[in-house]
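Each of the next two complexes has subunit A plus one other chain: subunit B in the first, subunit C in the second.
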Partner chain A sequence: MQRFTELVVAAVLLAGLYATMAYGLGLIYGVLRVVNLNHGGIIMAGAYIGWLLHEKFGIDPYLSIPVVVAVSFVLGIAIYRGLVRHLPRGPAGAVQSLLLLFGVWLVLRNAAYLLFTGNDQTIRTEYSTRSLAAFGLAVSVNRVAVFGIAVLTLVVLHLFLTRTFTGKAIRAVAQNADSCTLVGVDVERIYSLTFGIGTALAGLAGLLGASLFSFNPSYGSGDLLKSFVIVVLGGLGSVMGTAVAALILALVEVFAILALPAYLTGAVGFVLLVLVLVLRPGGLFGQRVLG
Partner chain B sequence: MKLLPHWVSRPALVALLAALVVGAVLPKVLGLSVYSQNQVTETFLFVAAALAWNWMGGYLGQVSFGHSAMFGLGGFISARLLLALHLPFWLAWIVGGLVAAAYALVWGHPTLRLRGPYFSIATIGVGEATRLVMTYWEDLTGGSSGLSLPITPGLKSELYWWALALMALVIAASYSLRKSTFGLGLLAIKSDVDAAADVGISPTLMQDIVLLLSGFTVGVCGAFYASYQNFIEPGDMFGFDRSISFVLMAVIGGVGTIIGPALGAVVFVMLRQYLIGSYPQLYLGIYGLLLIVVILFEPLGMMGLFFRIARRFGLMRPEVEATLEAKAAVGGGAADPGARQGGAP
Partner chain C sequence: MNAAMLEVRDLSLAYGDVQVLFGVSLRVDEGEIVTLLGSNGAGKTTTLRAISGLRPPRGGEVLFSGQSLLAVPASKRAEMGIALVPEGRELWPLLTVRENLELGAYTRSARARSAANLEKVFRLFPRLRERHAQMAGSLSGGEQQMCAIGRALMSEPRLLMLDEPSLGLAPILVDQVFDIVRTLHQQGITILLVEQNLQKALEVARRGYVIETGSVKLSGTSADLLADPAIRSAYLGL
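Here is the complex of A and B:
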């Protein structure tokens, strides 16, 4: 029972991080109908920016959140304005944008190899190994902090999308871009803003992930697939759906450790991805628009 | 002429035969060094693999990022057969290809109901899961230390002609898959799955057939690669880079055409040789840049460039060009990329 509770707690804490990165991917797909295959690249970039700030300037990873979010936001807007915008919209452009963003990912990965070599890196702070004890459970401080930041981010994002004019405009564009143009919403601006927010979430998730796990230039490819599982499972844009789906994935992954040899646990996410795509391509809760 | 189906044009047949004869006598006439002859063998092999990928990615519009699964499986099955049973290598290749095709059907039959980006991402999952399992399945793959095949003298120069034959078969198959009634069905599926089903084409059956053919051919290519390299290891055979290389060859050359992926494979092999020699740190990024540039400026790759030049000099009638481009276009025109076949999601 003790072990069971530990695993459930571990899964819940992990789910916060998963939800953050998946929401970024889902937001971009929901509004632009573009699968951001570069999601993993931005996650990796976020991890390295946090690491660089910590190594060179001794800035605590949690304090570098604003920097990472700002940089990945700008990077996302640059990618949208410079590349994605020039592709045709709709189904014909779907595969093209997939290949294009894949190319961007290859470039980012190669840049990281050149700058930081292919070695595994970690962000190590003095509280990295510290843990909290509550109800007879020991939980790492870092994991609790990551979970808290992730939940906070999702709440803020939910409020932004439902309570502000711009947020409502984003949801409206997701429903029908043409009608938005008619009522005077600058759709192009909303597109680049959404792409920026989506990549900013990826960058944040990368930074948070880097404070828990080691990473290298290929970091993020597994997270891209996990995000995709969650988006498909949870449906588009609903914060609750994303959170539940993230929890399901985290539970499956964590409990797979009990049933499977260690080397196979990495394959669980991929198998789940294929199963989900085949059995429930509309998501557990049906396809929903943002909000 | 009655011997041939109506869609086989005489010039195409003559061109293929001429290319074959040239390819067959080339090493003798030029007195190619062993090194360059091996390069040509490898090029032939990857032309075949890129064309087989293109049957899925170009003809059906289903871009696969997981073809390394079949490449690796074909390679390891045939290597095991060669080591354990000492079969003649062509028989081992065919068995390897058949196993790869069966595996392709196992994961592909369910996932091919997905369209566009959904299918592509599912294939990333398939490829990575296969790689993980295979790396630890030491009884089949030898784990991370890989498998060595016995080296027989003269094998590599013999394989040159086998590679030429393999490539010729695959080119002929590509041609017939494009021009035959079956090929027109594939084009209909790529343009609009639902409409194709409405006019009596069975997308499920046809996609499965293409997947089987593509999986088999890529499996045979993997098996050939195993014989050719003498040493294979799962990280290379099943690696994501391997899957990407098929995508790149087809995209650089021109997805959906026949000459395109073949040209793309030639360029890819030459480029890789050069880059690995000169800029081993940069080659991944250069492929990425190439992909970005191609998609952004000429989605039909080198073939698109060729069309553009032909148009500039008035060498091509506009209606011919329009048909060619419509056939080759990247991605399908399906109503909703997430929609499943035969109705609402």
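Here is the complex of A and C:
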């Protein structure tokens, strides 16, 4: 029972991080119909920016959140304005955008190999190994902090999308872009902003992940695939759907440790993806686009 | 003679290699209801989309209050006072009725008076007030049409373009839609109405244009058009 509770708590804490990174991917796809294959690249970049700030300037990874979020936001807007925007819209541009963003990822990854070598890095702080004791369970401080920040981020994002004019415009563009133009929304600006927000979420997820796990320039590829699983499972743009899907993936992964050898647990997500695509291709909650 | 609010001169437009408009010219004077008639695929919707900026024309000129629109981005045209109620409503189905209406007042000038205009729309369409918290996608066809018209009104248009507002509605609702068009006109809004329901459209409009395969074939006052033998046989089956 103790073991069971521990695993559930571990899964819940992990789900926060998963939801944050998946939401970024889902938001961009929901609004722009572009699969951001560079998602993993930005996750990796977020990890390294946090690591650099910590190594060179001694900045605590949690304090560097604003920097990482701002840098990845600007990077996202630059990638959109410089590259993605020039591709044809709709199905005609789908293949090009996949190739293009995969290319950007390769460039980022190889730049990271050049700059930082392929060695595994970690962000080690004085509280890295500390844990909290509650209800007879020991929980890592870092994991609790990551969970708290992830939940806060998702709540803020949800409020932004449902309560502000710009947020509503983002949801409206996802549902019908021409109607947005007709009422005076600069749809290109919304695309650019959305790409920035989605990318910023990836950067944040990378930084948060880096405070829990070791990473190298290939970091982020597994997370991209996990994000896919969550987006397919949870539908596009619904914060609740994303959170539930993230929790399901985290639970399945964590409990797989009990039944499977360690080298197979990474494959659990894909099995889940295939199962969902076969059994419920519309996702668990149907394809509600940013409703 | 009134000043021309909208003037379209020799407008041509193509979707890829397929040319759809071959020199459409029309004008709508301030305070008029003008109707643009024609059968399916004649180019009525495309003309409206070009005026609202959703489709760039290949040639010709569009003037609004004497100012050329061709250099004005589509998203800036709402602010100038141009609104389009698109064919098929084109609401945001997963936003509430209220959110749909509020986003209609997206431009800076309209946003300032959004609350008052929302009240006006609710008074014009009491059904929308009842359903304000419902997803727009869950409304009936008639209610969706009201919501689409309401959304356009939220931007305080001077020129309201309606693209087949009666399409797919029950006869009683069709009458309602035309009543609303009259009401809005009485409130001082200039209207360009695209319709396949020729009889009804010519009853409400002062003048009309008949468009066929991408160019204007006939134009005149509603009475003239209704009396035209060619129209009577081709469109009214008389």
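Some notes on this structure:
FYI, the second predicted complex is superposed on the first by the 290 of 291 C-alpha atoms of A that agree within 3 Å, B and C clash if a C-alpha of one lies under 4 Å from a C-alpha of the other, contacts with A are read in each partner's own complex, and residues count from 1 in each chain.
Just so we're on the same page, contacts are C-beta pairs under 8 Å (C-beta built on N, C-alpha and C of every residue); 3 or more make two chains touch, one makes a residue touch a chain.
All figures in this text were calculated on a predicted structure; none of them were measured in a lab.
Contacts of A:F165 after superposition: subunit C is touched, whereas subunit B is not reached.
Looking at the shared chain after the overlay, A:V155 reaches neither subunit B nor subunit C. Look at A:V104: by the touch rule set out above, it reaches subunit B but stays clear of subunit C. Applying the stated contact rule after C-alpha superposition, one finds that A:L132 touches neither subunit B nor subunit C. Once the two complexes are overlaid on the shared chain, A:N176 sits against subunit C while remaining clear of subunit B. Look at A:L115: by the touch rule set out above, it reaches neither subunit B nor subunit C.
In the superposition on chain A, A:V187 makes contact with subunit C only, while subunit B stays out of contact range. In the superposed model, more residues of subunit A are touched by B than by the other of subunit B and subunit C. Once the two complexes are laid over each other on the shared chain, residue contacts for A:L63 go to neither subunit B nor subunit C. Subunit A uses no single residue to touch subunit B in one structure and subunit C in the other.
Subunit C contributes residues 52-54, 73-79, 83-84, 86, 90-95, 99, 102-107, 110-111, 135, 151-152, 154-155 to its touches with subunit A in the complex. Subunit B makes touch with subunit A in their complex at residues 61, 63, 107, 110-111, 113-114, 116-118, 120-122, 124-126, 128-129, 132-133, 135-136, 240, 244, 247, 251, 281-282, 284-292, 295-296, 299, 329-338, 340, 345. Taken together, the subunit A residues at the contact with subunit C in this complex read 165, 168-169, 171-172, 175-176, 178-187, 288-291. By the touch criterion stated above, subunit A contacts subunit B in their complex at residues 33, 35, 83, 86-87, 91-96, 98-100, 102-107, 109-111, 113-114, 221-222, 224-225, 228, 232, 261, 263-264, 266-267, 269-271, 273-274, 277-278, 281-282, 287.
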